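In the two assemblies presented below, chain A is common to both, partnered first by chain B and then by chain C.
For the complex of A and B:
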């Protein structure tokens, strides 16, 4: 039961990768990649979790002795989300461009490189 | 490669990865335990700089260099998307749609009108208090940029275009990135390290505290807000103004 959170992260990565492999539409491919990246968020946050700990944000100097969950992995997750959003934007722009050049968004129908 | 072979290769790879992942999990410290050495050091360092939000302290103080790199990734992505989405010569500009043609329910228009100032205010608040409460430049910038697009959801694209002079937002993005580098160079001059926290730390949990953290958070907020507006604008222009090849 304790490894459940870690396992969810790993499962999301694999399911996202499976979605990419099975994809018939480039937008679906990009969304599948986002699912796979979401697995890394779950995994990172699970690594930093601690039972009965609070969020790493203090309101007064009196409660600074309380146990908090790991802020380092939370900062990493934030970075992860920002990078994921930028990658998604770039890939969607590429999908738009491919639709314009090749007239299809099915990865299987993209055969040859075209200038 | 046909689909069957591709599935087979993926199945083998995924199964191998799953086995290795399970083995790795067996060696991890238990879930929810109280041993977090990085946490202890990060919290200690954040409190030494009187930053109430430890995550912001990591992003904008302890590992500000990484955030600078992240900013540049965002900038690169916006430039790349803008370059990819610029209309080609073969595309024709679609005539402006009749404003009456696209009927949006009055309730949606009302909700968007009410929520627009609220969302913009929340975005500014999230940026301004990034070092005190959960939030910061990235989150607030995204809230700000998406808030402006409520105007589009309310069916008024011309109104969105009016409050969105794109050149201004492009300028905002570049100025945000440049502003991020400025305290960094000041740190290099005064503290001997790029992005060193050289401003006075102030009083714990007050608005003027944590040294350079709120300054950098504001810079990131401006850059992210501008960047997301420019990014979404490229997609909206592509979808609304240009038709496919003729």
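For the complex of A and C:
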């Protein structure tokens, strides 16, 4: 079952990259990048997952002998989400600005830089 | 001393917050002064750390979370001379870049200052991270700030396009690195570099380990602009403000190589054989050096030309690292230091031209600037230094690296000479055209960016060159000279390299606090053959420049004709299309995996 989650994670990264390669709209490009990043979330969470384990929240009344899922990968995923939000917002702002300056958001028609 | 480790990257963040909070009341002059002083303080702190780390690595477990039975959930910072040296270089370059932008950079609001300080903080923290996730977080911070700095001039069409391409390609590379970190954590349950290295030990390299190595390296190789993942670099350099280019070319790209070196030596060195990794890095290094040199000589946009020269030199650095011994790494460290001073000075000189003539096009600038101001002379001198003329730093670095690389493959010496001559020659050619008015203006193809009309970065056309701009340029070029002239610096690089490749010493010191004596320290300084080869490549660079300026008779041109379609094809590959670049990135990853697994 865990192998299936790894496969989904890897597939999301690849399909996101393929989306960027075939993209005809910069917003689609940026969202494809987010899809690729979603693959890393699935992958990381799958690494720390255990059947019949609970969330890693400890308090004085909680049963300290129950298995919990790995909190480290969850922390990694949360950090990753924060990074993703920043980068996505920045790239979308640049896409808006490209529409204003170039009059197009099709990467095939952006001709300012080459060679 | 241990308190200085976190302080060196917390300080710029704090000052950045202060600048942002009080921006309404702070005059521009005070902001500039505050930022330059911060960069200088960080340079002092990291310099002190580099010196202190010579007597043993400085290990700081944040919040006192020391490992318990081999496991630790805390963050560890490990400072060794190589990392602290890289951080010090970043701080010095940031200081010079801020000095260059002093008062003049027009649309440099407070955002610019805050972003520069954050960039510095990210680079310093990246260089002192002792676990993979801290490394990754600061890698991402460095990336995000760099995208914002690249696309800072949002009124310009090129600027926003370059920023977006840079962001998409580098983020995707970083996600591959994160996947690799996930594979390592799933397999060994550790994130600390030393703990991971100890857990992997002398394991047989199975597919999961090879995949993890390739994925982790991928993001750093994208940042280091290794062919075929280098496409974003020229676009980003062509559009970023000049002081930002200084940091990109001078230290950010090199930090990508630093991360690969650190991770290989601490984590994988006992499991993956030296021969395989050395061969893989050598292939990528040679390809990068050759493609960068060819693209460099065929540019007319000054900033793109310098950017491709950075790609070519990165290739040479990678060849130096690929020797996987102390000599090669010591030479590379000297080369990186010298190159960053000279290349940064060249970028600043191109920026001075841009501010005065509103163009960075070699054809448009032809004969416009004279040799009466010091700018032209500095430019030509920096071109010679880039080609490897003694006693400049790049020359010493080249001499040491080519000697180390040539010990394994003698033909590599000629690769170093040829690439230095081509990139130095390209810079000299543009210098002679622009400042001495020699030759004819180049004709352009359709497949290139010319940089004919660019927005000036200053508020109005600048009459004369502001003193601060010239001082920053002279400081950087002087630094490049000192790297080659002071024997102490080269020896310090030798000790730093010997400590960096001491795999077991790093693991023991971080995990058990035991200090091991260094094996053998390369004693690196000029040799007679190094001086001669440096003079040879400088002479060849002058030859390349004069050949490009001379009007050759038809008889001599004919044999070169078949090469023209190849050159046009290479330029067409650099299409500026973000989808193409991502496809190349995955091809590069596949090639890396194939070479490591082979």
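Definition applied: the second predicted complex is superposed on the first by the 106 of 115 C-alpha atoms of A that agree within 3 Å, B and C clash if a C-alpha of one lies under 4 Å from a C-alpha of the other, contacts with A are read in each partner's own complex, and residues count from 1 in each chain.
The rule is simple: a residue touches a chain if its C-beta (ideal position, glycine included) is under 8 Å from a C-beta of that chain, and two chains touch if they have at least 3 such contacts.
On a predicted model such as this, the values are computed, not experimentally measured, just so you know.
In the superposition on chain A, A:30 contacts chain C only, with no contact to chain B.
Once the two complexes are laid over each other on the shared chain, residue contacts for A:17 go to chain B and to chain C alike. In the superposed model, A:97 lies in contact with both chain B and chain C.
In the superposition on chain A, contact is made by A:111 with chain C only, not with chain B.
By the touch criterion defined above, A:7 reaches chain B but does not reach chain C. Within the superposed three-chain model, A:83 lies in touch with chain B and with chain C [touch as defined at top]. Once the two complexes are laid over each other on the shared chain, residue contacts for A:57 go to chain B alone; chain C is not touched.
Once the two complexes are overlaid on chain A, the chain A residues touched by chain B in the first and by chain C in the second are 10, 17, 21-22, 47, 72, 79, 83, 86-87, 90, 94, 97, 108.
On the chain A side of its complex with chain C, the touching residues are 9-10, 13, 17, 20-23, 26, 29-30, 33, 36-37, 39-40, 43-44, 47, 72-73, 76, 79-80, 83, 86-87, 90-91, 94-95, 97-98, 101-102, 107-108, 110-115. The residues of chain C lying in touch with chain A in their complex are 73, 133, 137, 140-141, 143-144, 147-148, 151, 154-158, 160-165, 167-168, 171-172, 175-176, 178-179, 181-182, 185-186, 191, 235, 238-239, 299, 304, 445, 447-449, 571, 574-580, 582-583, 585-586.
Residues 3, 6-7, 10, 14, 17-18, 21, 25, 28, 30-34, 36, 38-39, 42-43, 46-47, 52-55, 57-59, 63, 66-67, 70, 73-74, 76-78, 80-81, 84-85, 88, 91, 132-134, 136, 138, 204-205, 231, 234-235, 238, 244-245 of chain B touch chain A in their complex. By the touch criterion given at the top, residues 2-7, 10, 14, 17-18, 21-22, 46-51, 53, 55-61, 64, 67-72, 74-75, 78-79, 82-83, 86-87, 89-90, 92-94, 96-97, 99-100, 108 of chain A touch chain B in their complex.
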